[in-house]
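Should a chain be cited, it is by its letter among A, B and C, assigned in written order, with residues numbered from 1 in that chain.
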Amino acid sequence: MHWTEYLNPLMQGAWLTVQLTLYSTILGAVLAFAAGIGKTSHNRIVKAIAVTYIEVFRGTSLLVQLFWLYFALPILGQTVGLDLRLPPVVAGVLALALNIGAYGAEVVRGAIQAVSKDQYEAAKALNFTRRQTLWSVALPQAIPEMMPSFGNLAVQNLKDTALVSLISLGDLAFRAEQLRNFTQDSTTIYTMVLFMYFGMALVVTALMKTLERYVGRWRSARG
Amino acid sequence: MSDTIIKFDQVVKRFGALTVLDHLDFNVQRGEKVTIIGPSGSGKSTVLRILMTLESISEGIVSVDGEPLWHEERNGRLVNASEAHLRKMRVQLGMVFQQFNLFPHMSVRRNITEGPVKVLGMSRQDARERAEELLEMVGLANQADKYPHQLSGGQQQRVGIARALAMRPKVMLFDEPTSALDPELVGEVLNVIGALAEEHDLTMLLVTHEMRFAREVSDRVCFFDKGKIKEQGTPDELFTDPKEERTREFLKAVLEG
Amino acid sequence: MLFGIEWDTSSDLAFAISILPILLRGMIVTIQATFLGFFVALVLGLIFAALKAAPLKIISWPAGVLTEFIRDTPLLIQLFFLYYVLPEYGLVLPAFLTGALALGLQYSAYTAEVYRAGIEAIAKGQHEAARALNFTSLRTFTHVVLPQAVPRIIPAMGNYLVSIMKDVPVLSVVTVLEMLNVAQIVGDRTFNYLIPLSMVGGLYMIMTLVASGGVRWLDQTLPKRGLSLK
C-alpha cells in the first residue's frame, strides 16, 4: 500500500482525537477551577472533597483511572444495583478530564494564592465579599498566570488521548494500530502518526498562546 | 457637643511577642482631620489597618460611630465580630494605601465603579457618573479608560483616592499615601488630599512623613511612640513647642533629615 | 492462577488478600521499569541538553526541534514505534527494555529542560566570577556550576521520576507484566475487575506518596546554596 492510502483512515482517527482533546480539556478546565478554588475554600467539607479528588487523581496513573472507569465501575454498579456501564467515549473523556483537572487544580490554586496580599486588602477595604473578591479581583489576575501551565496541560491531554485506543475507541492511535496489523508497514505508519500528533500539538500550543494573550490583554495596554 | 466617631479604648495589638499597640486610648471627633506621626514601628499604620479591619485586635474595644468594630453584642454580651458585622461596619470606612493597590486588570473607571456597583448595588450608569465626577475632582478626567500601569504613581494614587471616595465613607484613612512616590509626584497627591480636607463632614486620619503638609491640613497631630500616643495637640503646639523630649528628637530628625 | 499463585474467590476479602502477592510481583516490575526509564531519561536528557547548548546552530537547532518533537508526541506511539520499527532494522529488544527505553526517550525531553534551566540559572553570574578568578571553563563547570546546579535539579528530576512511575502502565500494551497488566489479567480470568483495579489504584497512591515524600525530603535536606567541595 502506498502511504497516501493511509491518510484517509488516519485522518478519521485524528478527527476523533481532536474531539476527545477538546471535550476533555474543556471539562478538565471546569474541574480544575472547581477543585482549585475548592482547595482554597474555608468550608472544610468543600476543601476535603477538593483535596481528596486532587490527591487521588494525581496519585494514580491515568491508564489505571481509565481502566477502572471502564472495567471496574460497571461491577461496582452491579453490586449496588445501578447500571454504570459507560460507553468508551464517555469513559475516555471522563478519565482524561478527571486526570487533567486534578493537575490543573493545583495550577489554579497556586495562581490564586500568588495574587498579592495587597489586592485582597484593597478588596476588603472596598467591602467586597469573599466571593466577589474571588471573581472580580483574584481570578482575573490569576488566570493569565495559569495560562502557560494550562498550555502544557492541554498538550499533555492531547498526548494522553492516545490511551483511549486501549478501550477500543477509534482515535488516531487506534487507527494506526489497525493499519499496522493489516499492512505490517510499521515504519511508515508510525512516522506519519508521530508527525500528525506533533502537528496537532503545535496547533494546540498556538491556540493556547492566543487564549493567553486574550485573557491577559489588559497587561499589554499601551499609551 | 462631643461627637466621637472613632474611639480606641485600652486597645492592645500584639504580633507574637511584639506589642505594637500598648493599651492605646485614642479618640477622633466627627469631621476632624487627624495626622498621626511617629517613628517606624510605633504602631501608627496599625491604627489604620485595625480600623479598616485588615488587622484584628488583641485586647480592648474599638468603636466606630458608637458601635464596637471588632465585637458585637449577642445575648447581652460582647463577642468577637462575625464577618457580617465587619461588613456592616466597613461601609463607614475608606482607605488609601501606600502602594495604591489598584486593581491592575481593571480600567481606571472600572476600579472606581466596581465597589459601588457590586457592594452598594448602585446602577452602572450612576456609578459611572459618580466616577466621572470623582476623576474630575482628582484631576484625571481624561484617564478613565486607561489601565493603572499606564499611569504615573501620582496619578495611580489619585485614582486610589477616587476609588475610596466612591464608596462614600464617613472616615477616610490615608496610610502613608505619598511614601511610595517619586518626590516630584508627591505634590499632586497632597493637593488632592488637601482639597478633600476642606470638606466639612469627612473625618480624615492620615499617617504621613510630610510634616509641612500635616501642619497645613490637620486639626490635631498625634505623635506615636512605642504603641502609645506620646504627645498630641494642634499642629502649632506640637510642631513649635513640643513638650516631650522624644517628640523633639523625632521632629528634629525628620525636619533635618 | 498467575505466577504460580492461586486466588481464593470465596469472598471479596479473601480474593483481595490472595491476589496481593500477584500484584506485588507486578509492582516490582513497575518499579524496575521506573528506575530504568528514569536512568535513560537522565542520560539522554543530559546529551540533549548539551547538544541544545552547543554554540553551533547546526547542532543546537535540530536538537531543539527533536526534543520538542519527542515532548509533543504520545508515549504510546513512541513505544509502538520502538517496538515495531527497531526490529525491522535488526534491533530486537525484550519488551521490558523497549518499554524502559520509550519511557526514557519521552522523559529525556523534559529532563533536558531541567538541566538547561538549572545550569543557566547559576551559570551567568558565576561564570563571570569564575573568569575573574581565572578558572578554566571545565574547572568552572565542575567546581562552580555543577555543585550549585545539582541541588536545584534534583527535586525537579524527582517529580519526573514520579511521573514516569505513573506512565509505566502504558508498557502493558507491549506485554510487559507491570502492575496494571497483572491486575487486568486477574480481572480477565475472574471477571472481577473491581477489586484488582481498585487495589492497583491504592498501591499507586502509596507508591506516589512514598516517592513524593522522598523528593520533598531530598529537597529539604540538600543545601540550598550548593554542595560543599571536599
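In the analysis below, a residue touches a chain if its C-beta (ideal position, glycine included) is under 8 Å from a C-beta of that chain, and two chains touch if they have at least 3 such contacts.
Owing to the predicted nature of the structure, the values given are computational and were not obtained by experimental measurement.
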Could you tell me which shape the graph of touching chains takes: line, ring, star, complete or other? line
Measuring from CA centroids, which chain ends up nearest the centre of the complete protein set? A
With respect to inter-chain C-beta contacts, which pair, A-C or A-B, contains the greater number? A-C
Which chain has its C-alpha centre farthest away from the C-alpha centre of chain B? C
Any idea how many Å lie between the Cα centroids of chain B and chain C? 56
Just give me the whole-number Å value for how far the CA centre of chain A lies from that of chain C. 22
For chain A and chain B, let me know how many angstrom lie between their CA-based centres, rounded off. 46
Give the residues of chain A that touch two or more other chains, as numbers and ranges in rising order. none
Complex contact set, residues of chain A against chain C: 55-56, 58-65, 67-68, 71-73, 75-76, 79, 155, 159-163, 165-166, 173, 176-177, 180, 186-187, 190-191, 193-194, 197-198, 201-202, 205
Considering the complex alone, what residue numbers of chain A touch chain B? 118-119, 121-122, 124-129, 132, 136-137, 140-141, 218-219, 221-223
Residues of chain B touching chain A in their complex? 52-54, 87, 90-91, 93-95, 97, 99, 101-106, 114-115, 118-119, 146-147, 149-150, 163-164, 167
The answer for chain C against chain A in the complex is residues 69, 71-78, 80-81, 84-85, 88, 165-170, 172-173, 180, 184, 187, 192-194, 197-198, 200-201, 204-205, 208-209
